[in-house]
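Which chain is which? They are A, B, C, D and E, in the order written, and residues in each are numbered from 1.
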Amino acid sequence: MSAETTPLQATGTKPHIVLEARNVVKTYGHVTALDGVDFELRAGEILAVVGDNGAGKSTLIKALTGALHPTSGEILLDGVPIHFKGPLDARHAGIETVYQDLAVAPALDIASNLFLGRELRAPGLLGSLFRRLDKKRMREEARRAMNELKFRLPAIDNPVESLSGGQRQGVAVARAALFARKLVIMDEPTAALGVRETGQVLELIRSIRDRGLPVVLISHNMPNVFDIADRIHIMRLGRRAAVVSPKTHTMNDVVAIMTGAATA
Amino acid sequence: EDVIVGLVTKTEVNPFFVKMRQAADARAKEKGVKLIARAGKFDGDNEGQVAAIEDLISAGAKGILVTPNNSSGMLDVIKKAREAGVLVIALDTATDPADAVDATFATDNFEAGVQQGSYARKALGDKKAVVAMLDGTPGGTVDTFRHDGYLKGFGIAEGDPSIAGAAITNGAQDKGQIGMENLLSKNGDINAVYTINEPAAAGAYAALKSFGKEGDVMLTSIDGGCAGVRDVKDGKIAATVMQFPYKMAAMGVDAVVEYAATGKKPSGFVNTGSFLITDKPVEGLESKDTAWGLENCWGD
Amino acid sequence: MTTATVSPVETSRSLKSRILGAPSAGPLLVLIGFCLIFALSNPRFLATHNLSIILQQTVIIGVLAIGQTLVILTAGIDLAVGAICVLGTIVAGKLVNLGYDPVLSMGFAILLCTAAGLAAGGLVSGLRLPPFIVTLGILGILTAALRLISEGGAFPVRDPFLAWTGNTMKLGGFVLTYGVLIMFALYAIVWYLLNQTKWGRHVYAIGNNTEAARLVGIPVRRHLLSVYLLAGLIYGIAAWLALGRIPNADPNAMQSANLDSITAVVIGGTSLFGGRGGLIGTLIGALIVGVLRNGLTLAGIDPLWQDLVTGILVIIAVALDQMSRRKS
Amino acid sequence: MTTATVSPVETSRSLKSRILGAPSAGPLLVLIGFCLIFALSNPRFLATHNLSIILQQTVIIGVLAIGQTLVILTAGIDLAVGAICVLGTIVAGKLVNLGYDPVLSMGFAILLCTAAGLAAGGLVSGLRLPPFIVTLGILGILTAALRLISEGGAFPVRDPFLAWTGNTMKLGGFVLTYGVLIMFALYAIVWYLLNQTKWGRHVYAIGNNTEAARLVGIPVRRHLLSVYLLAGLIYGIAAWLALGRIPNADPNAMQSANLDSITAVVIGGTSLFGGRGGLIGTLIGALIVGVLRNGLTLAGIDPLWQDLVTGILVIIAVALDQMSRRKS
Amino acid sequence: MSAETTPLQATGTKPHIVLEARNVVKTYGHVTALDGVDFELRAGEILAVVGDNGAGKSTLIKALTGALHPTSGEILLDGVPIHFKGPLDARHAGIETVYQDLAVAPALDIASNLFLGRELRAPGLLGSLFRRLDKKRMREEARRAMNELKFRLPAIDNPVESLSGGQRQGVAVARAALFARKLVIMDEPTAALGVRETGQVLELIRSIRDRGLPVVLISHNMPNVFDIADRIHIMRLGRRAAVVSPKTHTMNDVVAIMTGAATA
């Protein structure tokens, strides 16, 4: 099924669900990373996903984007079951992802990494016939995107491996923000970021939501989560322990559910 | 059970041995025996040849024909084979000592080199010689015999000032060409070229041609493959020395068949001979023309 | 980080630092250095005719090394370069000798080489086998197949079209074969592909970090297939060039092409781990090997010693390159 | 992650999963499979005498592949394996033929091989040159040096001590040479070093992530040096074993040892990128190659077809291994 | 000079300075990562190092541990100038470091990584003569160390590459804590950690300090920093902008200094 089908309209008060996972299981040998997890992302929301280390958050989003194949379970986009064969299919469906391991090519420069897999071609015959890259424009756009995030960076044609940890993360975040058409998933996008840069990225996430795209944000930073999330999906031991609203629950409540000290 | 004849050649890289194997195969079919052939991977692959003989003993071969990579490399395994009642015949290259095998059917490579060298010297007339040596793989038994024979026939010693230079070709035409080109760049006066075999000579000719010198250089070779003889006929190579792999192989197979039937073993050295092939004979050197050569050459 | 610019992201590096920092600057200096030494040891070295000879000798390995570079950039290795190229010469030669149209014969032979590349790519990308094993296996298969096709022996190929690449032309006093021009043209084209197109970017990305390439949505398997396919095509063209150099099809030719082409690539500064390096370096690497061989002969070094001197000079060449890189 | 245990950290994996998950399980199954097929095609294959022959044929490449494995585990590659081993045979043979004490001669030859390994290690670790280039250079240097030492030709080496490794002994009806026993002993020792000592751990760590190894305080350069040194020592011992198999010193021998030893390592499941794999796999890989060669001959396969069949079988072997691994 | 010399005694009220850097500069081509930075770590303190992304924090600590060679400047241990040739020298001096990139060998298992470079040998002849590793004890110790951090981990002989991002970080942190004899440096040790695990690591850092070892903690998490640090070293543009006390300055003050909006 093509992911390009028109979204079902939300009926009544029930909000439209953009991305959904039902009873997804993923095992590695005798390790069960996902133990029948459910997941729902609604249109226009920022959904935070929280949980202890090893709770299965990254595995869950990799299953959602086709980066890995779940052992069992179902994934639906706009209510239609989908089978992403790989991350390429997810990208075609307009889903952009910041993976926890960043997925950058260290030897390539910043601009190349920003446009990796989405390179711009030169205008005119040069581009269409000779398929020439528009390196200049990519460099400029990359510079603009990174400036927008207020990142202090060395020259845009430095290899990514020469960047600081936070700068590298900035590149991956900027990439996802630049190209998303349907929804954005970010796995701990601010883990390595400074105070100022974190603020910028949260700002960016809000602006993405305001463009109408829902965002999945995985984060261990409770203040950030409570600052920005519309709903909070809490993972525990490979399952969804609860989905709560930051308005009805406190940080302590959420941490208690995460660690199993309480239930929703 | 079938009578199994084993054949172990030096390499599969050299057409000489490929033809030898094909001839043995044909003869074996004729005689209704089974041929299992093996070869080393490169000139000097003693280990590969030893392993091949071991495998053939295991396979139950009645007789093994072997062209040893070097004359003393596989004495032990040959001894093992003979002790196991296998007839062992050396083809093309003798072992040292020669009685390590039951019999040897071979050419005298040194003599073949002498023939090549004598022809080149005589054909040059009283011109002052400037010689290029396109060697095979230095250190190989055949390589040494042919090289030394050529010098003897040419009447010069190793290190003679008339030797303009040498190149290692491994008997391959691409390396022969590169080696010849570089030697010509170094010394444009080269007027005699020794080649280890006809593929190397083919490469040398390509180089000479690109230097526009194909007419005035005495290019000679050894082998007697049909491609080589045709090159002599076309005037690319002045002369080549023909050997007879077919003959060696067929004689070898016959001997094994005879041994299987009667238990009779051949013995001693049988020279299968070598002939100088050229259409421009020189005085005092026996030679055959290319018409004869094309009738008797090996390959196609 | 201190930058005086107003914008937090600095502008591009200066031209000078880009040239000195270019990965092929080191090998180039080494090449020039060797040429100078050889020129001093024998003035004939610089004769235009000799330089032209060196270029002609570089053609086959030079072109094979293009394909090898592509494969190595994806963190692979190709042990079937020589075998595929010989396949091309044998098939084209055989067909022409059987009376088929030379252009069609050559075209078919090149197609077959491309198919061999495709087969390697299919096994590498489809079954995810190590390229070393796949190409080693194909080498074995082709070695046998070539002997079967050619019935063991070399045969002359007499056809003006197949030999055309060996014809010479004059370019301002410099004699070049068409083969040399085709080599340069191939370098230019593949350089463009590698450096100016998305396809080339993805080659680097895959070699540098396959998992990242996959995650950002590059179709890694399909891309690998295209790399091996292009490499096969290039080996096929090399077959045509080989027939131009020696109009003779020999199943036993190019035994050392694997090692020679990999050597050119590595001397040229490309990493065997993939993702780092470039095509210009390979061309320079191939030329360094050619210059060494020719220069040592012209310097009158005994061939017995040439291996030794070459061994030392190759190590020195790469050591100099390495040092220049560490400095910058 | 769900674990039923009280402690958050689980206990070790089950024995069964450890055996099936062992990296050499795949190659072992392939080896057994090939043996079965050959046994069916010719009952002579399983004759104890033939099995003993296969072991003897595996000795040299098997031992050289130990050193190759060590080097490859550090993400290197050794193109001088064969040349260093030949150095050992030539030097030992020459000295004995000159009348020196055989034990001292062999000892000195092994020392020289170790020194050659040390030289390679020094260039790789000291100047940080790519192992490919360093060992290629050493190969060139040794190729020339060997021709010069041996004055161009092979020569027989007739000495009972140098040939001792080729003597046979009976082990429960099975005839083995001392060389075979030494090979197994070397595998056992180096296996111990790799798997049971700090030194071995560090070999893996360096190959897996050199920068991490450096940061945690492993003396990377010194360690690399020790690896190449040990490899050289092993090649020297292989020289002794080679003289036991063929009492003949030939400067042109072992030209295919590079490719053969790397093939054994890769078939055995060790990654050419370093840090992953093991020695048991290499032994199995070397045996697979030996079994293929012997088995195909016993099956009476035409040598023209042997390359082809070997090519296909090697690809199949690795493909099966890969698949079994992906399953687990 | 050997780093093993007896420490100078602190004179008067001036606290003893364990590790010091003076005017350290590090340039990469035309990028100046450290622009004459000074640094002082006092005995028994937890010193936080904060700063924007790319401010030079990681470069500074790499210079301190010999992981890179500064372009110029001086480093002193216990008042004695030292020249670490590499991280090995720092380790010999008793300095343990958690690098931002973690420095783990992904293919090796958890226990091997924990003891990488510090492997335990078997007791008796087996260990001393045959240099045999004590794998069992290492596994057990590793399990104990990870349990102490309350990390939920799969089997201890799983390769590190199969761990989640936070679990991997836990391994690196546990390693440093296990082996430090003189001081510990941690570059963003909690960046990928969950709430609970972060708490554990902060606990661990305190316990290290209580063992008498000073700790350098690089972190972007201001609440954590203010929770635990005795002093805060603020980096800006490759220099030390200020050293402040969490008692006299607020988080906002520190952020303002970091971003250049204020000076100390």
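Keep in mind that, in the parts below, contacts are C-beta pairs under 8 Å (C-beta built on N, C-alpha and C of every residue); 3 or more make two chains touch, one makes a residue touch a chain.
To keep track of the chains, here are their UniProt names: A, E = ATP-binding cassette domain-containing protein; C, D = ABC transporter permease.
Computed from a predicted model, the values in this text were never measured in an experiment.
*Asks:* Spelling it out: a chain qualifies if it touches chain B and also touches chain D; which chains qualify?
*Replies:* C
*Asks:* With chain centres defined as mean CA positions, report which chain is farthest from chain D.
*Replies:* Computed centres place A farthest from chain D.
*Asks:* Report the inter-centroid distance (CA atoms only) between chain A and chain C in whole Å.
*Replies:* Taking the average C-alpha coordinate of chain A and of chain C, the gap between them is 41 Å.
*Asks:* Taking the mean of the CA coordinates per chain, how far is chain A from chain E in Å?
*Replies:* Averaging C-alpha atoms per chain gives centres 30 Å apart.
*Asks:* With chain centres taken as the means of their Cα atoms, state the distance from chain C to chain E in Å.
*Replies:* Taking the mean C-alpha position of each chain, the two centres sit 47 Å apart.
*Asks:* Quick check: what residues of chain E touch more than one other chain, meaning two or more?
*Replies:* Correct list: 31, 54-55, 101, 151-155.
*Asks:* Return the residues of chain C touching two or more other chains; collapse runs of consecutive numbers into ranges.
*Replies:* 1, 13, 147, 304, 306
*Asks:* Using the touch rule from the top of the page, what residues of chain B touch 2 or more other chains?
*Replies:* 12, 21, 138
*Asks:* Show which residues of chain B lie in contact with chain C when the two form their complex.
*Replies:* 12-15, 18-19, 21-22, 135, 138, 165-168, 170, 172-175, 177-179, 181-183, 185-186, 199, 202-203, 206, 210, 225, 227, 230, 299-300
*Asks:* Along chain D, where are the residues that touch chain C in the complex?
*Replies:* 75, 77, 79, 123, 127-130, 132-134, 136-145, 147-148, 152, 259, 262-263, 266-267, 271-273, 304-308, 310-312, 314-315, 318-319, 322
*Asks:* In the complex of these two chains, what residues of chain E are touching chain A?
*Replies:* Per the touch definition, chain E meets chain A at residues 28, 31, 51-55, 58-59, 100-101, 151-155, 158, 162-167, 170, 188, 191-198, 220-223, 255, 258-259.
*Asks:* Quick check: in the complex, which residue numbers of chain D touch chain E?
*Replies:* 1, 3, 7-13, 192, 196-199, 201-202, 204-205, 208-209, 211-219, 275-276
*Asks:* Can you check the complex and tell me which residues of chain A touch chain C?
*Replies:* 67, 86-88, 90-92, 97, 99, 101-108, 112, 116-117, 119, 121, 130-133, 135, 139, 143, 146-147, 150-157, 175
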